[in-house]
Each structure stands twice: as C-alpha cells, then as structure tokens.
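These are the structures, in structure tokens.
Each of the next two complexes has subunit A plus one more chain, namely subunit B in the first and subunit C in the second.
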Partner chain A sequence: MVADAVSARPRCLRYWRAMLLLVPMLALLALFCLAPMGWVLAHSVQGEHGLSLEHFWVILGSPFYRQAFDNSLRISLYSSVIALLITLFGAVSLRRVDGRLKNAVIALTNMTSNLSGVPLAFAFIILIGTNGALTLLLRQWGWLQDFHLYSRNGLILLYTYFQLPLGLLLLYPALDALDDHWQEAAALLGASHWAYWRHIALPVLAPALLGTFILLLANAMGAYATAFALTSGNFNLVTVRIASLVSGNIDLEPNLAAALSVLLVALLALVAAVNQWLLKRSYHAR
Partner chain B sequence: MFYVEIDGLTKRYGASTVFEDIRLGLKQGEFVTLLGPSGCGKSTLLRCLAGLTTADQGRIRVDGQDITTLAPQQRGIGMVFQNYALFPNMTVVENIAFGLKMQKRSAAETAKRVAEVIRLVELAGKEARYPHELSGGQRQRVALARALVVEPRILLLDEPLSALDARIRRNLREQIRDIQRRLGLTTVFVTHDQEEALTLSDRIFVMNQGRIVQEGTAEAVYTQPASEFVARFMGSYNLLSPTEAGRLLGVELKGHLAIRPESIRLCEPGEQYSADLGAPLRAIIRQHQLLGNIIRYQVETEGVSLQVDHLNRAADDLLPVGSEIAVVIDRRQMREVH
Partner chain C sequence: MRADRFHRCVVVLLSLLLTVPIMATLLYSLSQRWEATILPEGLTLAWYGQLWHDERFQAAFSHSLLICAGSLLLSTLIIVPAAFVVCYRFPRLDRWMNVLILIPFSMPPVVASVGLLELFAAGPLPLVGTPWILLGSYFTIVLPFMYRALADNLRALDIVGLMDAAYLLGASTPRAFLLVILPNLRKGLMASLFLSFSFLLGEFVFANMLVGARYETLQVYLYSLNAGSGHFTSALVMSYFLFTLVLTWLATRLSRSNK
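Entry: the complex of A and B
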C-alpha cells in the first residue's frame, strides 16, 4: 500500500507537469483558433434582425458566390491531386537515390516551402507572366501558344508549385512504412511492379495519401495572398471574396464573410470526415 | 547431374567481395543448409538464387535450365523471409492466395489450393485474420503457406526461425522438415544456428568469408570438421594448440587438435576402460553448467582447460566445483585441424 502510494505520487506529478507544459499551446489555440472560429460562427448567423441563416441563403442563392466556391474547389482539387502524384513519385524516387542527392532535394524542398505569398506570385510573373522570360522564350520556340498565368490554369500551376514542398514533407516519411521485402515477396509470387503498387503499396499508403491530400486541399482552399497578388483580386475565389467583404470599401459585410468562412470550414470538415470513414473501413482500423 | 547447379558464382559490392567462385549442386528433393556466421555471404547467395540480387559472374541452372538472368517472377522459386514479409493489408487467405491470383488461376482452384495449404500448415480458423493479429509462429506459417501454394521448384528459407522464441522455433522447424519431406521439395535453408542446421539438413554447406569451407552430411560436418573455423563454429569443440596437445597427450602436431566435449569421459572409481582410449588424466572441476540432460564441466588438467559433456543420469550426478577427478580422452575422436 505504502509503495503504491509512493509510486502513485510521482506519476500524478508527472501527469500535471505534462499538462502544465501544454498550457501555452492550449492558450494560443484557444485565442487564435477557437475564439476566432467561435466569433465567425456567431456572426455567420447574425442577421439584420437577430439570429438568422439569411447569409447562408444569400451565398447559396448567388451564382457569384457559387462560382467562387466552384473556382476554389477546382483549383484546390486539381493542384492537390497533381502535387500528390508528383510528390508520391518524388518520394518513391528519393528513397532509392543516393544519400547526398536525397539530402540536397530535401533541403531545397524545405527552403522553397518558405517561398509563398507575394514573393512567389512575383517570381511567377517575371518568369511565366505575359512578358515573363520563360514565356517569351517558349513563344519564340513555338512551344507556347495560349497560356495565361492569370487564368485558372495559371493559378493551378502556381498552387501546385507551393503544394509540392508540403506534399513531399508529409509523404516522404510515410514511405518508410513500406518494407522492401514485400516487393521482393510479391515479385517471387509473380507480381509485376505495377501489381505490387496496386495490391500492396498503395493500400498500405492509403491513410498517408488521403491525409496528405486533405492537408493539401485545406492548404489550397485557404490560400489567399499568392492568388490575390497574382490576379489583383480579379479571380473569383472564396478567400478573395471573404477578404473583400471584410476590408472592402463598398461591400463591407463581415457577417456574410463569416458565413462564407463557415461554409469553407464545413466543406473541409466534410472531406476530413469522409477520409475518417474510409480509414475505418480499411484494415488499418483493425 | 544435379537438380540445382551453382557454377562459379561471384558477387561484389564495389571493392568488397561478398562471395567468390561458389560451386555447389543440389539433388532434387534435398534439404540443404547454408550455414555460416553473419556477413559470410549466405543470404546474398540465396538472394542470387531467387533473382533478387544479380551475380557478377557465374551461372545458376535449375533442372537443366539456365536461370541466371531470369527475373524472380520467371524462376519458379518460393522464398520465406526472416521478417515474414507478409502483406499487412491482406488477410491470411488473401496473403496465401496472392501468388495464385497473379497466375490468374480460377477462383475455385484458388480456394481449393489455399484450403489445402492452410490445412498443411495447421492454420485453420485463422483465415480471416490480418498479419498483425497473429503470433510470430503463425505469421511464419502463413509465409510458408504463401510460398508453397504456387508449387515452386525450389523453396528458399532465409533464417525463417530466428525471430521466434525457442519452443516455437523447435516446433516449426520440425513442421518445416515434415512438410518438405512430404512434398519432396528441394529446399535451401540459410541459418547461422548450428543446431538448426544439424537437425534439419540432408547436407550442410559451411560458409566463411564468402567461400564454402566445408560440405557434407550433418554428421560428417559435426564429427569431422575440416578446419579450425568449422570446429569453432560447429559448437563447443575443445581446440588445443600444438603445445597443449603435446603436453597433454604426447602427440606432435602442426595444427590444432579438436576434441568434442562428449568424447571426453569422467572416470568413476574402479571403472574399466577400453585399451583404445588414452590413459586417465588427473583433473580438477573448475565450473559446471546444467544444460538439462547434459552437465557441462569445465575441467583443468596439466594446465589445460577442457570442456566435458556428461550425461545427466541422476539427481546426484553433479560433481561439485573443486572436486578432483580423472578424465579419459577418446583418442579415436580427436582430429587435427588447420
């Protein structure tokens, strides 16, 4: 009994010490994540005459806002899928190349992950803008006819670029889950390279791939500065609409902006819920 | 004419040679073990046989067919890995059926073959489990079943028992040998464990530093070690230097003298010995170890330390440390090794 009490005390102390270390993070989370979310949620249902869902009806009934969601979703979806595929191939390749090249690529990836927002938009403008160096060169060679950086395809390219470092950062360690012996065992059982990926590697990597995809999607849906800097707010995206409703001179409507934000969060929450549901049905949950 | 022939096989990684000029032949249905310490090249040799590693020189033939450059998929070879290498996203049945699925066998044939091997490896009732829901022994049985179900020409076992605990290891090795005999399957087993090699094999190839240093039946390799390395590696041989051998037994040798612990006998008072055995030597017991049915004594005689294995017949058999006794070395069992 005495021994139990003695050993219980340090355990209890360790528990509270660990909890204490969590406090700064929890405080920040509450201040800058939960509180704004609560504010946004509260204001999204704040109508002209008290509580109301009128802002949501405005958004759902407006072709303009629906187009913003459509554009944001398409750009985010395409750029996430493209980035996921590129980073998957890249991560698989990096696991097999020699150590120095691997370290160099990872260092470069970490460095480029910091190049985003306005500097990234500027870099793209001077490189592949209307009179960008690469654009002129490709036009001269006849390899480029009708590419416009300030269009949806231009934004997909830009988004894909800033998704790559994040994708690689998330996927590269996940590939450690693959045991090389599986591929050898599969080969001895008659499986081709593709059959191994289809039947073994991709199902094993499914949680990491889905998780990375969702983070990329969220990253793209929430992107604002790069897109704004590139298109001067002329391309209709959800984040651009939210910003103009909060800071616009003519259409200042923070409650409508809050409703747009709630819909954006709900959309991402839905994707995350589908991901969880898929994972629960797979062998990973057993 | 051997069923499997390895002729002059060499493998190098840069400047370091993994193995060189390996030549060996396997008869059909034979159980052969590649035995050697870690890093001697035995696993790489097995991988070359499977096609998972490419040899730099030499040829491999199976049943007269040159398979040296064939892909693993085309060799008809099954392999069981040390870490099982089971596909974690598949159940026991799916793991076992994978090879048949790749061969595009019909569903009915696949189900029948899978049921047969599940019975063979005694895994009935575990069909729907995932690998992480099985014990180590059960996982290795799934790996064995997965390799057997496609009816390979040769079965390769790469230290399949080393990750298991002693009791399961004993059971599983008996089961592997039993299945191999029943199927008449040519099998190559890789291990660093002498006991496993001696228990399982029709023939043993002892490897050291990328070379085969001795080959023969289990009995021959154990009782007639060809070199000091084999004598040391095969077990608890007493290895006497030429000086020690001269002092103790009055023999003149150039190499070491290898004496098995069980060929040294403890003298009991009044016991009569055959004239073929040497004269009794006075000795003192320095240590003893109870190994179940064997008592292993460390005795000292004429300044030479010897290990003596004595059958543990009765509870009062154990002689205390410090006892003065006499030992007789069976000279017919001694062997000079270089």
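Entry: the complex of A and C
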C-alpha cells in the first residue's frame, strides 16, 4: 500500500507537470480565438431588451445586406469554379511534363501564393486599373472596353488569381489517385479520351475536386483584404459590411456585425456539411 | 508526342498567367514612365531609392518585422513544448488538438476581429490599438500550421525510443527534450517559421482593424498609399514580394533537405 502510494505520486506529479505545458497554448487560444467567437455568438442574439433574433430579421429583411450575401456568394462561386477548372487542367498537364519544368512551376506557384490581399489589389490596379499601364494599351487596341476592375467582374478576376495557387497545391497531390494504367486499359477496351475522363478519372477524382472546391469557396467567402483594398470598401460584400459595422466612422453596430458574422460562418459550415454528405455518397466510399 | 506538346503548352500558359501580374509590377517599379506603350520608357532604380529612404516605410517595415518576430517567438516557445507533450505523454489528445486548431483556421479574420475589437477595447485588457493584440491574434494564425508541422515531425521520430535512451544515460525529461528531441525538430520548425513569417508579413485584416495607424505595419502603410504614385507603390509591392520570396525559398529548401 505504502509503496504503491509512493510510486503513484511521482507519476501523478509528472502527469500534471506535463499538462501544465499545455496551459499557455490553451489560454492564448481561449483568449484570442474562443472568447471572441463566444462574444460574437452571444451578441448576435442580443437585442435591445434581452435575447432576440431581431438582428437576423434586420439582415434578412434588408435588400442591402441580401445584396452583400448575393455578391459574396456569386464572386466566390464564379472564382472558385473558374480556378478549379484552370487548376484541374493545369494539374493534369503538370503531371505529364518532365521533372525540371514541373519543379519550376510548383516553385512558381508557391511563390505567387504570396501575392494576395493588398499587394495583389495594387498590382492589378497599377496594371489594369482606370489609368493602368496595360489598360491604356489594351484600350488602344480596342480590347477591355467594357471591363472595369472595380466591379464584380474585376473582383472575380482577382479572386480567381489568388485562388489558383491554393487550388493547384491542393489538387496536384490528389491526382496521384489516378493510375496511369487505367487510361491504357480504357483505351484498349475502346474508350475515347473523353469517355475515360467522363467514366473513370472524374468519378475517382470527385472527392478531391469537391474538397478543393469547398476550400476555395470558403477561402473566397472569408476574404476581405483584396476587395477592401481594390474598392476602398465600396463594394458590397459580407466581409466588407461586417468590418464597416465595427470599425467604420459612422453607424457602429457591433451586435449587427456579430449577427452577420454568425450567418457567414453558418453558411460556410453548411457548405462544409454538404461536402461531407456528398463525400459519403461518392465513389470512394463505396 | 502531340499530347506531350499539349501538356507543355498548358503548363507554360498557366505559368504565364501566374507571372504576368508580378512581372508587370516589377517592370512598372523599374520604369520612369509607362503609359500606353508596350514597353516602359527608361529603366531606373529611383523608386526603390525613394522608398527605402522613406522614413514612414522604414518605421512600418520595422514594426512589421518586430511584430512577426515577436509572434513567432511566442508561438515557438508555447507550441513546441505543447506539441511534444501531446505526442509523448498524451498521444490520444492529438485527435482533439486537431479539432481545436481547426477553429482559428475556419474562422475568417474579419469575424474574429469583431469579437476581439469588442472584448479588448476596454476592460481588464485594453489591447486594441497596441501591437500586443496582434501578438495574440497572430499566435492563433500560426498555431494550426506550426502545430501540424511539429506533430507530423514528431510522429516521424521514434520519440519513445529516443527518450528512453536519454533516460538510460541519466538525462531528465527537460534535458532529454532539449538535447535529443529539439535538434531533430530544428529543420521542420525552421521551415514552418519561415513560412509563417511570410504570411504574417502579408497579414492585413487584423493589423488594419485592430491597430491601424496607431502602430502602422507594412500592409497598412501600403494600403494608405492608395492614390499615390503607381511607380512608388509598385516598388513597395515588389520589395515586399521579394522579401517574402526569400523567406519561402528558405522554407522550401529546409523542408526539402529534411527528407
């Protein structure tokens, strides 16, 4: 009994001493991540007189906020689809070229992923903004007549650009799921190139494509810096609205910002849940 | 062979797509004038000279470096022991840690800053407007990446065997950790540090919303230039870009030599 107690104490002590090393990490995480999250959740349902859903009704009833969601969703959706298509083609071809070119392009992709947010917006403004170096040139040649960088199309272009590196980095390793022999086997059985992609490659890749798509979509939905820098906060996006409700000069309404944030995160969670559900039903799960 | 050429074309096109904005910004920052001609007129380094002698730029750059270095130091001191403890003493906690580190990763910075702005505006911790709040919020940005990198690195090592060997030779746990485990983590840690440094340097949302002009970082300064000279701005964009380039290059070199 006594011997047991003696040997148990150091073990217990060691256990707690080890636990102690986790405390700073958990404390910082709680303070700077969980607490703000809790604040947002709690205040989104904080009405003038106690608990209420009034902020959500305000948002859903306001054409202005509905437009913000509409814009955010459209830009995210279009840019993610375009980026996914480009990166799918890119990644497939990248697997077919020789090693040196492949490594160079992967390094380049890593490199360009640094160009996002404010620097990205400014690079595009300098080039194809109102007085951009290329704008004047392209206008002379008769191109770019009805394209405006500070519009929805401009944002889709920028978003697509910063989605490309992410899409490529996610999709390229996923293509390892394709066995090169399958294409030969399919060709021997008389399948055309298109039939191989339609019936073999795309179904196999479906989970990876979906997963990449979801991450791109979430990335675009939550993006703020690029749009804010490009349009000085004048383009109506959900993230721009949230920021202006807590840090603008007029109309500070943190509770409304909290409700918008909850809706945004809920939307992202919903997309992720649908993705999970589709994944379960996909080819690989069977 | 026709297919080979096709794939080559696609890859080259993709690379062009990715590099055109960067190359054009570089050219623009090096040119005296560039209006409605295919190539700019007159190459010059004057914009870079002007930029690097600008006091506001120097201040913003040193603020950024200080904040990034500070947050990374804090993150390293906290996450390295934590990752080791989880992998060595509580391997079953790793699954829960993965869920936990997903939270800061899945919350858009704008959403997080709504809560941060209200919680730390006043009260016991009035941090808004000071660089200190950035240290905390940057810790949450770095956490998922650094924890994952370290945990993967630790799992690849035989920590139990290494620790047992160190114990047999009479080392205490902290000593064994410092002398045996830590040197094995160095490369992975350095790679994740360089990578984190480069994306913290590009962080704008927290810096602008929580602190803004009161402790101006590089990104906030860049944003404030808005309507200034395009050449000057592009010199700034390129300087920032080249700096992060060196950091990512170091990171990839380190992680490659790790294998």
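FYI, the second predicted complex is superposed on the first by the 249 of 286 C-alpha atoms of A that agree within 3 Å, B and C clash if a C-alpha of one lies under 4 Å from a C-alpha of the other, contacts with A are read in each partner's own complex, and residues count from 1 in each chain.
Methods note: contacts are C-beta pairs under 8 Å (C-beta built on N, C-alpha and C of every residue); 3 or more make two chains touch, one makes a residue touch a chain.
Only a predicted model underlies this, so the values are computations on that prediction, with no experimental measurement involved.
Within the superposed three-chain model, A:Ser232 lies in touch with subunit C and out of touch with subunit B [touch as defined at top]. Contacts of A:Leu215 after superposition on the shared chain: neither subunit B nor subunit C is touched. When the two structures are aligned on the shared chain, A:Val204 is found in touch with subunit B, with no touch to subunit C. Touch criterion met: A:Asn110 reaches subunit C, while subunit B stays clear of it. Within the superposed three-chain model, A:Leu149 lies out of touch with both subunit B and subunit C [touch as defined at top]. Applying the stated contact rule after C-alpha superposition, one finds that A:Leu166 touches neither subunit B nor subunit C.
When the two complexes are overlaid on their common chain A, residue A:Ala185 makes contact with subunit B while staying clear of subunit C.
The larger set of touched subunit A residues comes from C, when the choice is between subunit B and subunit C. Overlap of the subunit B and subunit C contact sets on subunit A: empty, with no shared residue.
The touching residues of subunit A, when paired with subunit C in their complex, are 14-15, 18-19, 21-22, 24-25, 28-29, 31-40, 43, 86, 89-90, 92-94, 96-97, 101-102, 104-105, 107-112, 114-120, 122-127, 131, 133-134, 136-137, 140, 161, 164-165, 168, 218, 221-225, 229, 232, 239, 242-243, 246-247, 254, 257-258, 261, 264-265, 268. Within the complex formed with subunit A, the subunit C residues making contact are 3-4, 6-11, 14-15, 17-19, 21-22, 24-25, 28, 34-38, 40, 78-79, 81-82, 84-86, 88-90, 100, 103-104, 106-119, 136-137, 139-140, 143, 173, 198-199, 202, 204-205, 208-209, 212, 219, 222-223, 226, 230, 233-234, 237, 240-241, 244-245, 248, 252. Residues 179, 181-182, 184-192, 195, 199-200, 203-204, 282-283, 286 of subunit A touch subunit B in their complex. Interface of subunit B with subunit A (complex): residues 50-52, 71-73, 75, 77-79, 81, 83, 85-90, 98-99, 102-103, 130, 132-133, 143, 146-147, 150.
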